[in-house]
Amino acid sequence: MTAPETLEGWYALHEMRRLDRRAWSALDESRRGKAETEAVRLLTDAESVDDPDHGRSVTYWVIGHKADLLTIHLRPEVSELHELERRFDETLLASQTHKVFSYLSVVEISRHGLPEGAIENVESSPYVQGRLYPDIPEYSTYVCFYPMSKRRGEQDNWYLLDAQARGELMRAHGRTGRRYAGKVGQIVTGSMGLDDWEWGVTLFADDPLQFKKLVYEMRFDEVSARYAEFGPFFVGQRVRPGDLGEWLR
Amino acid sequence: MTAPETLEGWYALHEMRRLDRRAWSALDESRRGKAETEAVRLLTDAESVDDPDHGRSVTYWVIGHKADLLTIHLRPEVSELHELERRFDETLLASQTHKVFSYLSVVEISRHGLPEGAIENVESSPYVQGRLYPDIPEYSTYVCFYPMSKRRGEQDNWYLLDAQARGELMRAHGRTGRRYAGKVGQIVTGSMGLDDWEWGVTLFADDPLQFKKLVYEMRFDEVSARYAEFGPFFVGQRVRPGDLGEWLR
Amino acid sequence: MTAPETLEGWYALHEMRRLDRRAWSALDESRRGKAETEAVRLLTDAESVDDPDHGRSVTYWVIGHKADLLTIHLRPEVSELHELERRFDETLLASQTHKVFSYLSVVEISRHGLPEGAIENVESSPYVQGRLYPDIPEYSTYVCFYPMSKRRGEQDNWYLLDAQARGELMRAHGRTGRRYAGKVGQIVTGSMGLDDWEWGVTLFADDPLQFKKLVYEMRFDEVSARYAEFGPFFVGQRVRPGDLGEWLR
Amino acid sequence: MTAPETLEGWYALHEMRRLDRRAWSALDESRRGKAETEAVRLLTDAESVDDPDHGRSVTYWVIGHKADLLTIHLRPEVSELHELERRFDETLLASQTHKVFSYLSVVEISRHGLPEGAIENVESSPYVQGRLYPDIPEYSTYVCFYPMSKRRGEQDNWYLLDAQARGELMRAHGRTGRRYAGKVGQIVTGSMGLDDWEWGVTLFADDPLQFKKLVYEMRFDEVSARYAEFGPFFVGQRVRPGDLGEWLR
Amino acid sequence: MTAPETLEGWYALHEMRRLDRRAWSALDESRRGKAETEAVRLLTDAESVDDPDHGRSVTYWVIGHKADLLTIHLRPEVSELHELERRFDETLLASQTHKVFSYLSVVEISRHGLPEGAIENVESSPYVQGRLYPDIPEYSTYVCFYPMSKRRGEQDNWYLLDAQARGELMRAHGRTGRRYAGKVGQIVTGSMGLDDWEWGVTLFADDPLQFKKLVYEMRFDEVSARYAEFGPFFVGQRVRPGDLGEWLR
């Protein structure tokens, strides 16, 4: 079988950290203040990179025990993602956290699924460029991130389907997704050779019920029902860097 | 296949925490007293929200090593659940615990399984409203919580069954459940797109043997026998916030 | 399918704890002495409950890295098990341990497998009562505990077999077990709705080789070969509470 | 199916420990010296038990992150293994380590696979006795230990094969093993009812490449290809107790 | 089935370590300086072994939470790998890290896949020798390491295929790999009997997108689609030992 042709945009690093509350509460007031200031500045700097050529960064609280903080960085180079990770590692706040999960991937679109006009001239197509170098959607109060792979079962093996069958299944899936236009924004990133699953899915919405509605509906699409394998789901609520302090007290 | 239509009520957060006994016993008496007072007040406040419009909270000891404390919060918004989690995180007691598990979901009922009258007018049906915004049952001395998914096996794939077959299997399952009316209360929450399994099941009973009887009987229902996959089971015994102190000494 | 009728006796809590040797060795002599005295008294009290109406308790060293101490409590109520767990949690010794595993279940016998006379009058049958409220066997120098479930595979699904087929498979299995009468004692506990596996099996013997012989022989019974799924195995050597001190020095 | 008849010799405990380097380096010089002396004496004592009636002990460095130290004890009784474990637990060095893995099993040979003469008189057969109470081979610079089970799949189920089929598969496997005579020594231990897998395999060689060659070749034997399931592999390099000090500095 | 004949070169140890930032930041300036100097010297020494007879060493930052530092050592003997591990373990820097993963394997090529001329005289073939004792490619700014096994499923079982079928599948796979010549360098190491998976794959590239492109394309090769099982993926960015200090501040 031949792999579908894909286009790639920014690299993505999803970083999940958990605060060690015991260690944190053992720091004295002034060190905590310093830690907060330093972290806020770093995240503010990262988020202020809003030139379409330079990437995006956005930060969420994670609900539940899986993590406390999720930062998503989109950048042109892996080295920039690593630089952002390393700079945060060096902060006093980071030294009070554990990195509990992360995900390295790259924004991916399938050439095959593009509209007619766009296929021929991807470099100049605003549609293609907007998907490869995406804005964080307006409706981004909540985020849902999960990694996934396509099943390679002994009967149901995605990678042994022919291109046409795969194409039809994906198009049907796309139609389900489009019914949530304006309610759920989506960035799909590819991660083969970069991380443990094959893709990352990052959903954005102002109403977190839409995550459930969308994922539930999609699960009945044959491509999910038969071929999808899901990793952990992380749900977060957006936090502006300047508001980190509230949570750190 | 088409996803069944569902109705959603309150969001639910199940929070499991384990006390670090070594750290706790290293705190001096007065700090422990302060920690206890603070935690009791927070949980008491949470539980006192008994206006049907504003949610429910209830706390359990967990039996065994999986956790010490399980708090279940039901609230209209995810942000309120996160606020409750965060406020507890900030307490001195919480800084002596580890969040070992949690589950984010939303109360869900299938429109399909509703009685005739209720389907037509869910907004005004006391039955529907009572299930979407449920009371903690009277018989709630013990709790049993477990997450679960429907199997997507290569032969037995729930999501490839047609709606009628799914409906019949679920109705038979419902009949088993109803034989435990008055003995076991149940809140089913959906968690696709919100957490790692597809549903959460929270059972309440005064006699914990009924959990075993019910789950054993249900396992022979075809829908469980063939299609259910179960996560960890947590069993707890109710604790009124004011009695936390007993356990903390 | 209809679930087999079962009878239940005492609830069981298997508690595995690992001593944090570094923390323990950092305690001064007098605190270690206090910790030992307190723990010995608690376990002695628990074991001295030998009234058949009130339960059993027994303690084992675990061989290997999985745990150091295994205490098995049998009691009429889950609340009593939790009380025992909590009282031990509050000791100084417990604060130097981690609870690495536990298992909550209830002594279970199948009504179906009972001898003729016993079925009709379980309340007055000494045989039935002796199995529901069992003594720790005389030959109990070693213990072997493991949880297990019946397979629900796509071809081999225990819960889709008819009652007669299940009955025959279980009877053949029982015959294997009876060949070890007088050498291996067994308490089977049900744990659906109570813990992560469906049953707990607790074997007792003076000669630990009999555990291997019995489990090996049983694995060739069709019911195990085709339908059994096993959790972790814990093997321990009995310790009288008064001898705990030897190990704590 | 009937279980094959087996003969059992010494019990085996494989103990893997990891040194907590941070804790260790925080100890002062004199305590480290004391810890080393104590540990060296204990392991030297254990290894000096070379009377064929009393067992064997041997110690290895483990390569990589899985552990630092692997000690293999062979003894007539489980209680002796536990005594060895406990005595080491009580040392200062042990309090700076974590027990990361262990394996409890018993030397096992199949009566079926024995040469004609040996079957009739196992008690007086030097061949049989030498396998039940084995020497550590001369060529033992490197060790490879892994636990394994036989598959009980829905199609490929070892325990549903008839005795003749199993026998033939095992004999072919034995022939592969014998091609490594003089290069790889092997002790097979049974662990049903004693630990989480069904067997332990301990290989010894002066040239670790032979581990790879042997395991690779065997994987193409039908018994492995179709029926073997493997646990973690631990590879170590022999250390004489007196040389422990080198590593502890 | 007969195992394919293989040739082996250097042993490989992939070591992943995570820095405990909290412990590290608690060290005073001068100890941190000492730790850095010591670690830099050790890694510099290791990397300066560039005599083709003596091996290779190379160090990478790992992107994300899986580790901080990945060092790959290639050496003629396992004992040398262990010596390198042990010497680093003894440094002050190492005592502030956790070894979170490692992989022991040996460079392997299949005699079968060699060009005509090379098969006959492997000892003198520069091609063969260059593959058994490989240079780190020029284009090595990024590394991708993952372990993998061939599936032994109930239908799709690599080890039950005949040699010709396996050969054809591998040759097709090789052709995919060769399309990335000059962009992605690859060292394949065998690890049966040495570690938990059957092979390790180490890819090198200046452009990390090529990892994704290559792995994605290969996944559609039948040998991967049907028979490959993958472990965790680690992606790193090269760091010269002398630049470690940047990251340690």
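Labels for the chains are A, B, C, D and E, by order of writing; each one numbers its residues from 1.
Everything below uses one rule, namely that a contact is a pair of C-beta atoms (placed from the backbone, for glycine too) under 8 Å apart; a residue touches a chain by one contact, two chains touch by 3 or more.
Nothing here was measured: the structure is a model prediction, and the numbers come from that model.
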Chains shared as neighbours by chain B and chain D?
-> C
Interface residue overlap between copies chain A and chain B, same or different (over half shared) = different
Could you give the separation in Å between the centres of chain A and chain E, each centre being the mean of its C-alpha atoms?
-> 28
CA centroid of chain A to CA centroid of chain C, Å | 45
Going by residue number, chain A touches two or more other chains at 154-155
Draw the chains as dots and join the ones that touch; what shape do you get: line, ring, star, complete or other?
-> ring
Can you list the chain A residues touching chain B in their complex?
-> 21-22, 24-25, 61, 63-66, 68, 142, 144, 153-156, 203, 208-209, 211-217, 219-220, 222, 224-226, 228, 230, 232-233, 235, 237, 247, 249
Chain E touches which residues of chain A in the complex?
-> 1-3, 6, 8, 11, 13, 15-16, 20, 23, 78-79, 81-82, 85-86, 89-90, 92, 94-96, 99-104, 106, 152, 154-155, 157, 159-160, 190-196, 198
